[in-house]
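In what comes next, chain A is part of two complexes: it sits with chain B in the first one and with chain C in the second one.
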Partner chain A sequence: MKFEGAPDIAEYVKKEIYPDGLEYVPLRENRVAVRVAPEDLTKVAELFVKKYEARLIHATAVDLEFKGFEVLHIYDFSKKRDRLVVVVKALVEKDNPEIPSIANITWQAAWAEKEMKELLGINPLGTPDPRHQFLPYEWPNPVESGSIPEGNKFETPASATQTKEMYLPLRMPIEEAYQSLIPIGPYHPGVIEGQIVYVKVEGEQVVAADIKTGFHHRGIMKLIEQRGYNKGAFIAERVCGICSAAHGLAYITCTENLYEAEVPDRALYIRTLLVELNRIHSHLLWIGVVADVIGWKTGFMLTWGLRERVMDIIEAITGNRVNYGIWRMGGVSRDVSQELAEKAKRTVDNLKEECAKLLALVAEHPVVKSRLIGVGPLTKAQAFDGGAVGPVARASNWKIDVRADNPPHAIYDPKIVSWEVITDDHCDTYGRTLVRVKELLVSCGIVSQCLEYLAKTTGEIRIKPKSVPAGAEAVGLNEAPRGELAYYIRASDTDANLPHSIRIRTPSYRNNAIIPLMLVGSNLADVPVVMGSTDQCLACTDRVEVINEKDGTRKSLTWDQLINLSRRASRC
Partner chain B sequence: MGIIDKSRIYSPWLYHLHCGGCNGCDIETLAALAPRFDVERFGIQLVPSPRHADILLTTGCVPKQFIPMVKRIYEQVPEPKVVVAVGSCACGGSLFYDDAPDNYAILGHPDLLIPVDVYVPGCAPKPEAVINGVVQGILKLAEKRTKK
Partner chain C sequence: MLDPVYTVLSLIIIVPLALFLGVIYSFLIRKLSARFQWRVGPMFRMYSDLKPLLGTTRLLQPLYDILKLYGKETIVPDVSRRRLFVYSPYLSLIFAVTAILFIPFPGMPLLSGVPYSLIIASYLLIASTLFSILGPVASGSPWAAIGARREVELFLVSELGFVLSIFAVAIARQSLVIWDIANGGQSIYLALLTVAAGVLMLVAMLGKLHIKPFDMPEAEAEIVAGPYTEYSGKLLGTYYLTKVFILYGLVALFISLFLPPLATSVLWLPLYLLAALVLVFLLTAVQVLNPRYRIKNAINWYLKVVIPLGILNLIIALAIWLVV
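And then the complex of A and B:
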């Protein structure tokens, strides 16, 4: 299968979306790069987000040596036109690089801008939260010293430019001494990975929350830039060990978009098969973890028992349980034999029945219902503003799925494989659970159709890739178990084997951002559940930092306020 | 070796220290607790606090921000203690460190920071390998207790 974009796509963007660009370059697969002046970035963001309801996928920048820095804002227009992604570019000079911050327009850009500032030194003017993202708050002082420079402290006073209350940093003036600030992490039994969540509680209720992550920053993007496209596939898998197949596919989709790629059908089926098996095991793992957190140990044992069956199939196909190492440009490296496909199909069909039973069990289980309904609420509007992706967004009744909107290089065509996007209108953790359990069934269906094809046919699994043209650019998207995963690669001008730069935006980067929003108003005991409900994967993310505080004004006394007053009285 | 020491060796408690792994080794470690491998039948249990643990199980290549916490958690584990490094990253830095020791973000491997007793190689090691590593750790623990 060849992957082509519409020939008129650059013209379309110029005519229909943004006529004032300096240059329009069509990239492969309906991606268009639009060059604008740096001062126009805010105008463009306003137009795209407010008028066209486009979604900012990522904001980043690349270093073009003597030419300066190229700032990139990647927008998703797939709701407007099939698979359309617009990359807005602006060149800024190297000495004293500054760009206008768009964080006040679409607040997810706040992290991306901080990331830009730390990786490349580009200063976003008017950013609401100037604190560090990857770097420790102590930087440039040593971490051991524990001395945090001014401007990075949690007590940072609100700056004049703040417009959204979600940016207000946590601070604890003396008149609020009836509240307590509870640090969760960096090592906490509720969460395996390292992160610090500060929750401010009044009695049992969370009134404000703040997250600092960035502990896991391992410099993976730099590693891929040093080692080239082929080794990059193995490094990309190791961004996250749980959704390794999703990372492999997103990386390969991106690299294949750099040149005129052709991939044999059988390879596409094998890719789909693996990504969906990966999704099944990841969702089962998530259900197990949440069941463990809410005290439903049976659920943990049940789902992790089912998960081992999926791991067996994956191991039989690829030889590995965690990192598969089969991703290649132009195909895959291992074939699935017909006997194996038939055998695996029987297991998957059996698994599907078990998953259907699990759905009935989870949906009606009294423990699940009592601990999850109404916990961690997130409305559709909040999900859009915050930039939720994946099951979190779908549980808020927002139908986004990269597999349907902007498919990766695998088989997701509804004409070939029948599947559907699952949404739910519960808008809480219970909804997120239901979405994931139902997605298990959908994924089992896709896997079984792929295995059916693989059992009947034979064919080649890899076509030798052509060389990558100098200076090519590409965006690769994929739906990881946690949500949309985006890769951006720019090829080197001189070396055909090395990428000039690569940027990764993982789903947890987005979903973790919303955690403080969901935490506010919940009980302290529900904090691990809400944190778990986004299926956070910090090995991927490692960039989060958000602040949230509620306004204290009130007019009349309600029952809740009376309770609050009594809490204060008993506390002081 | 007294009765308390002896019983401790028969039910070693683990603390899982995640320092910058990709989650691959961590899910394999957890899978060892799940029904198929079920290490709890040997008395091995994951505990939420390092102060309760006998064995410290580390994964990952130790990003620089983790350095103070790793040191502190190691100090919190009561003596005698055993450190089991699970996965290629924890054994030698894997692809993050092997031929790029100048990686700006990571230290390399926990061995540069705390004494490691048992290495479990593999990316990621299978649950069987993790269990084997822990068993080796228990033997070392028994040795240390006898010396004490």
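And then the complex of A and C:
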């Protein structure tokens, strides 16, 4: 199967969407790059978001060495035209780089702009929230040791007063903040990974909430940039241990869009199979986690018991349980034999029945209902403005699903595989539960259809990829279990094996940003439930420069040193 | 009353015996909930290859967990009210152990024959809970403060059920002495009261023992370890020990008040243990089947269930007193 866009797509964008661009470059699969002047970015955003109701997928920037920084705003137009994605580019100079902020127009750009500022130093002018997101609030004015006095009285250090608004959670005066703030995190039994959600409570009522991330950085994007396209597939899988198949497919979709790719049908079916099995076990995991958070250990144990069986099927198919390692440009590396497909199909059908039984129990349990209904409300308008994706958006009755709107390189054609996008109008955590429960059963259906095809046919599973042209660009999208996952890759101008830069936008990056919105007004007992309801994956979210700072001396670690450190840590 | 020498001897024996039975009950709760949840849980009989390493049985696993804590470092936070923080667990334990002395065991009337023993026992149980709130409040941790507040709210409503239930029985049997109640005869009317008051007592026990829909004081996903966040080592071990004694005490009180004459003669011992097993099974079933309530829902639920049931109990009890 070949993946080609419409030939007239660049003219279409020029004529119908935005006529004032400086340059229109068609990319593969109906993606169009439009170059504009930096000061026009707000105008473009206003036009796209307000008039066409386009959705901002990601805002990021690429370092083009002496040419300057290229700021990219990636918009999704798939509701307007099939698979259309518009990449708006603006070149800014390196000395004193400044762009107008679009966070006032579409709030979902807020985190992305902060990230640009922290990683590359591009200053968004007029941003509504200038505080750091991934770097510590105190950066670059650290609190000197000893500046926090004994007792309960906290004084603001002199260096911090100058940048006070960058320094405070919830922007409360420090005296007030320390009295009534409850920090959920960075390490808290309700949340497995590291982050801080500051909640200000009156009694048990949450009156204000704020989120601070930046506790694990692994430099994944940089690692892929150093290792080339083929090894990148393995690293991309390791962005997240739960939705590794989704990351693999999104990365492969993106790299295949860099050149004229052709993929055999059988490989597409195997990809779909894995991504959907992945979705099943991720959703089972989520239901277990929410059961655990509301204190229902039995539900947790039972759903995770079912999840083990899905993992066993995946192990039988790929040989691995967590990172499958079968993603290749132009196909997959491992075939599914006909006997295995038949056997797996029987298991999946059994599993589907058991899941349906268990999940009906979960969805109808009176105490579970009383804990979930009305918790973490999010209206459709809030979801659109905040940029919710995945089950969170669909539970607010907003029908977005990348598999339907902008499918990745797998089989999601409704003519071939029958499936549907699940939405729900509860607009709360209960709605999110129902969406995931129903989606899980739909995924079981897709899996058995794929296995049916694989059991009947044989064929090639990989076509050798062509070389990547210099300077090519591509956007790869996939629906991860948590929502829309976006990859942007720009090929190197000189080396055919190395990407110049790669940008990853994970679904949790978006859903975490709207957690404070959902928290305000809820009960303290519901805070972990709301935080869990987005199925946050923080390792996906964090992306900070590593600077190891001790006693005022800066020291950055090399790759070998890191390896030695980790070896030493794992030895004892 | 029995021979004073025997009473003194039985008072000495009951403490280790109560500890042993409490540990067995906790073991059963853990084992049964594990089996409900597709897990193995602590082993009755150890796998043969692990026997040299771990012994033949892990029946006393809950006790080992507590003993382990006694070998750990005890940390007292700087911001705590040191004296209250340190003494509360011990006071709580002392009150729980003392309460046990007033509750009869088959063959051992203990102090249950003294006047007003019912009131003394229930006061001692309440005092034990009170000190498990005071210590955490003195620790200066926000989690402990929230946990303790929840505990107080829960304590108020669950105690209401507890008191209504035991006094309904006291009115019907016209006695405030546990030994007299435990020796009382049975009739159809009293059986009716036993069912109604027993359900109320069971409901109150859920709150007092933090069984699942009502374990919000210790909700680890929300408030870390709740009241016990700052406790560690010996002090935490003492709190856990108190819990074991209270579990035993409540089960024993239940049987002696609602299932007379099981708690009187040694001959009833097998039936006594069976009743205890059934009670523990019921508690476990509730624990396993339910997620945790919010504190608000829990209080509403208690008020909805406890007040009508309590009034019904009192009506039945008064009817028995006046008519029968």
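Points worth noting:
Just so we're on the same page, the second predicted complex is superposed on the first by the 501 of 572 C-alpha atoms of A that agree within 3 Å, B and C clash if a C-alpha of one lies under 4 Å from a C-alpha of the other, contacts with A are read in each partner's own complex, and residues count from 1 in each chain.
One rule holds in what follows: a contact is a pair of C-beta atoms (placed from the backbone, for glycine too) under 8 Å apart; a residue touches a chain by one contact, two chains touch by 3 or more.
Because the structure is a prediction, the values reported are computed rather than measured.
In the superposition on chain A, A:Ser244 makes contact with chain B only, while chain C stays out of contact range. Judged by the touch definition given at the top, the superposed model places A:Asn323 against chain B, while chain C stays out of reach. By the touch criterion defined above, A:Lys297 lies against chain C but remains apart from chain B after alignment on the C-alpha atoms of chain A.
Once the two complexes are overlaid on the shared chain, A:Gly387 sits clear of chain B and of chain C alike. Of the two partner chains, chain B is the only one that A:Pro136 touches; chain C does not reach it.
By the touch criterion defined above, A:Ser370 lies against chain C but remains apart from chain B after alignment on the C-alpha atoms of chain A. For chain A, the partner with contacts to more residues, out of chain B and chain C, is B. Look at A:Pro186: by the touch rule set out above, it reaches chain B but stays clear of chain C. After overlaying the two complexes on the shared chain, residue contacts for A:Gly232 are found with neither chain B nor chain C. By the touch criterion defined above, A:Pro507 reaches neither chain B nor chain C. Once both structures are placed on chain A, chain A residues 189, 301, 305 are touched by chain B and, in the other complex, by chain C.
Against chain C, in their complex, chain A makes its touches with residues 182, 188-190, 204, 291-299, 301-302, 305, 365, 367-368, 370-371, 523-528.
Here chain C touches chain A in the complex through residues 33, 36-39, 142, 146, 212-213, 215-216, 219-224, 288-297, going by the rule given at the top. Chain B contributes residues 16-28, 30-31, 34-36, 48-50, 61, 63-69, 73, 94-96, 100, 103-106, 123-124, 126 to its touches with chain A in the complex.
Here chain A touches chain B in the complex through residues 134, 136, 143-144, 186-187, 189, 192-194, 214-220, 222-223, 226, 234-235, 238-242, 244, 285, 288, 300-301, 304-305, 307-308, 311, 321-323, 537, 539, going by the rule given at the top.
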